[in-house]
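You will see chain A twice below: alongside chain B first, and alongside chain C after that.
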Partner chain A sequence: MKTVIVARPGDGNFVSRFFYGVKSLLTGMRVTFRYLVHPSTVVTQQYPENRKTLKLAERVRAQLSFTFDENGFHKCTACHICEQQCPNASIHVMDRKPAGSTKSELDTFIWRLDSCTFCNLCVMVCPFQVLKMNSNFESSVYDQKLLVYNLTPYAGPASSVLMKVADVEERKKLIDARGPYDGPTALSGFPLAGISKQVFPETTQIGAPQ
Partner chain B sequence: MVTVEIKTKISSLDERINAMALQGESPLGTQEYFVNMGPQHPSTHGVLRLVLKLDGETVREIIPVLGYIHRGMEKKAETLGYRQQVHLTDRLDYLCSVMNNWVVSAVVEKAAKIEINDRIQTIRTIFAELQRVQSHLLWWGVFGMDLGAFTPFLYGFRDREKITKIFEETIGARLTMNYIQPGGLMYDIHPDFVKDVKAMISYMKPMFKEYDELVSGNIIIQERLKNVGILDAQSAVALGASGPVLRASGVAHDLRKIKPYGVYEKVDFSIPIGTVGDCWDRYSVRMLEMRESLKIIEQLIDSIPEGKHLTMKPGAKIRPPAGIYYEQMETARGIFGVFLHSDGSEKPSRVHYRTPNFHNLWCLTKIAPGGRIGDLVSIISSLDVVVPDIDR
Partner chain C sequence: MSVSSVSQDIASHLGSAPEISAAYFVAGLLGTVTFLTVMALILIYAERKVAAHFQCRLGPMRVGWHGLLQSVADALKLILKEDIVPYSADKFLHALAPVFAVVAMLLSLIAIPTSSRLALSDSNIGVLYISAVSGLGVLGILLGGWSSNNKWSLLGAMRAGAQIISYELSATLSVLVVIMLSGSLKLSAIIHSQEAGWWIWRAPGVGLLAFLLFIVSSTAEINRTPFDLAEGESELTAGFHTEYSGMRFAFFFLAEYLNLFVVSALGATLFLGGWMPFHIGNFSGFNAAMDLIPEFIWFMGKTAFLIFLSMWFRWTFPRLRVDQLMKLEWKVLMPIGFINLLLAAMMTLFGFYFFATT
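And now, the complex of A and B:
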């Protein structure tokens, strides 16, 4: 095995140790002084002043989100694979069966940021690449209950089913709007000081089971 | 037929403290007293509680008390599938999360006989070495801060950020990576990865000279570390120490050399060994290890083989045959091992983690008595303990 023995410097008599000590302290000071007179070496980021120019890497895992096609529809078929793979039950896929249909479709997609460990397994296993981790890292809120999100803006079938319906008005009948805090495990919070009203969309029925 | 009788005596903390209080008299006729260091103490790096028996400034005895960050990881692992095990190990030794992921993935691959290609092995090795440098840089910064120098902390974090940026680009996380999966990697490397790593290496090399000027050469640092907390080779082996702590005591033991995994047998690197086993040797071993890690990355970065980054579908079920499996690797702090007992189902029936910090911590009970409280801080820091790994 190739080994190196680490050095043990600084052995010697008192006088040589004394001069070594003075020299070592001055050498250390030279390093800090060099940075003092070179302000261009400063690496501190001025957050939140640099918010507009701050660009995070593409793969940063900060929040789970849905991807939509150019018409604003998602491809989720409510197959529950992400829910099964989630190690800590942070995902609840609520599906519904519309009247006269045997196929179930997505109603609400509940994602709990408060218990999510950002392991990315749901994104990896999604057969339709619906889920995506985005880089919106500023996720702090005033109440833990506000961390339970519904990711889908509408309840209804996947885009492949919707696009078969040619008429735009007919399509709208198939889908119902959903807010970010909708769903059976949704927010049962209350307005807090410092939070404006628009955090709670008017469509949201707080705590009402569907 | 040989019968082995194992005698264990389990005593509570109160009993141990009472027993210690009755022992011996101080030679000066002074009174000995007990002090709690932690669980909330800045230099215990987390919620580690140390019960100290002191005679003035001198530490007579020391009991580490664990349990303040116990999360029941091993029990929790029994309720999760093999693929979901990996993300739990990010939360053990959070500074070596990629290496921890690798060990779990390796044991699952061994159990379920999953084939992996050379590209995966090479990328895993590069990431493990990047993480080793990153982990040692953080340790170096915090070590300076524990000794009363704030400047190294900022320098260490500044340079650690270069590696963290590379992780952020390819993995998407800065601390809890969950990158290495059974059967491959979560993502293929980022297109800029090779370029960024090369830029990082050429940036880091002159920085080591600066670290030596600022800290290693400093007379105060040297006087505070030399001949403090001497751990002889025999006790280090007996206490189960591993990693830089063991190597600083003069034992040339590194799993990367002894039982090579990944692509370590293809690369040329050497193992830094200490002679005395004091804090200075532990410090120097880590400083040299960072240079060796960069050497390993340099040799591998230009020749990453082509291939897939994942050899099986990410959602495929893993059912290893019933049996007992064990795999261990050298993380930045020592040997991390995963014991897996499979009953043939989708979930393991027992998981045990052999964590390096747990064993390294008990060296404290051997080397701290006789020293001063000020030395105790530098000893804890030189052992480089990460408390969530001790307690899990």
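And now, the complex of A and C:
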């Protein structure tokens, strides 16, 4: 077995320590000089000019959102586990029972960005991997009331139930459209001063199918 | 060249009338102050850019093209900022300290020749004068630290005092090597003595060693990293200028960056031939080709190189501890400096260097 002896600054006599020090300084200078002459090593992102090419890590937790399958349906069964786990009551799952059914289904999924601490607990406990944190970090709005969102674009059963219905038109009868400020959100039912309920374009709807 | 010839023409056409002399004085003063301010702004911008790229960053990018006007904006901010003087500070000394720092820097700057025809004051004791007045700068730092009536400031100032006085010794020892080889204290004579080649390579080994000694000790003298114990932001908030803001802080800042310029210019003058183009002995063809580049460009180029070297040090090396700092000076640099001086004396005596005339 080969033993590697690493020289340390404390070893040896004065002269060898002196040259060890000089060598280590020169090594450091070589490293920094390489950074200087290689602009590709720059890690700075010039936001907001580079909005189009902005690269964010997968782990960024900027907003809570729903995941949807290829048909635009989610798997949420309104089980309320995320709501119970939420340490600061930022999630309210509003469910409904369709006429002639005993099973609950999701109506609106209210998420309060203003009180959320992005602890990721709801994402971790979700039995169906419906929730995820996305990297859409531009969350600023003009009124705090606008930070209470409904995450689901439709009220209706989970995709597993919906896909059992073969006819597309029949499926549409089972679900009702929901907007980002529908349900018991701050904006539901009334406009804010100067901001009507309808002015929000589709792009501000978070959690919409990609 | 053109700048220097113009100034020479102006000087030769001036009469001795007092009002003309006064006008010349005012114009010279304004010109110098403008040049220095612009120089400081450029240096601060360059430092920030170089530092950024050493650390994989971009540095100032927003004000002007690639942040070119950033230091102008910063200067405006400092001018407009409120000047806060601590309640229990010594008001008079607190106001005096930045002035000392700037004046010491200005005094050492006037002795440095920037080309063969442009030197504000080419005294025959130039080197001695510079080493004397550059020591004044520590007075500004000590006064600033003392008058602020603040623990951090005082600690920083005391560290700066101990450090600058210690490193002045090895700086002077390395300068003595050049004085010995060139046989003069006059800066223009030292430059002329390097007509056959710069001292850094003409005196084999000794010149390079003296140059390295000078670089290390002068970096310590102007309180730059790795010797920035006087400011050490992680230990002393901001050291001696903790209690300074607005214009007075700007004065310290100005002095700091122009001191960098002065020290680099002095290093270039003593070891790299100042404005003297790169010559090799009697190779007249090569020397003539080198002479095509103006002297002022040579001087600024060498100075810029040394400034870059200093920035490179600053953004690479970690800060020393106080005891390590003192150990480096008294146990490493001083003995090396003395041995180097001895070798230089022997070299001078026997003419054992390249292109010796005697």
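Just so we're on the same page, the second predicted complex is superposed on the first by the 140 of 210 C-alpha atoms of A that agree within 3 Å, B and C clash if a C-alpha of one lies under 4 Å from a C-alpha of the other, contacts with A are read in each partner's own complex, and residues count from 1 in each chain.
Throughout what follows, a residue touches a chain if its C-beta (ideal position, glycine included) is under 8 Å from a C-beta of that chain, and two chains touch if they have at least 3 such contacts.
Because the structure is a prediction, the values reported are computed rather than measured.
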State whether A:G28 touches chain B only (first), chain C only (second), both chains, or neither.
both
For A:T117, is the partner it touches chain B (first), chain C (second), both, or none of the two (neither)?
first
Per the overlay, which chain contacts more chain A residues, chain B or chain C?
B
Quick check for you: in the superposed arrangement, does A:K52 touch first (chain B), second (chain C), both or neither?
neither
Going by the contact rule set out at the top, does A:P87 touch chain B (first), chain C (second), both, or neither?
first
In the superposed arrangement, which partner chain does A:L36 touch: chain B (first), chain C (second), both, or neither?
second
With both complexes superposed on chain A, which partner does A:K164 reach: first (chain B), second (chain C), both or neither?
neither
Chain A residues where the chain B and chain C footprints coincide 25, 28, 31-32, 43
Please give the residue numbers of chain A that touch chain C in the complex, ascending.
18, 25, 28-29, 31-33, 35-36, 39, 41-44, 46
State the interface residues of chain B toward chain A in the complex, per the touch definition above.
80, 83-84, 86-88, 90, 151, 158, 161, 165, 168-173, 176, 178, 181, 186-187, 190, 210, 213-215, 217-220, 222, 226, 248, 252, 254, 257-258, 268-276, 280-281, 284-285, 288, 314-315
Touching residues on chain A, where the partner in the complex is chain B
1-10, 17, 20-21, 24-25, 27-28, 30-32, 43, 56-57, 59-61, 81, 85, 87, 117-121, 124-125, 127, 133
With touch defined as at the start, can you tell me which chain C residues reach chain A in the complex?
50, 53-58, 61, 312-313, 315-317, 332
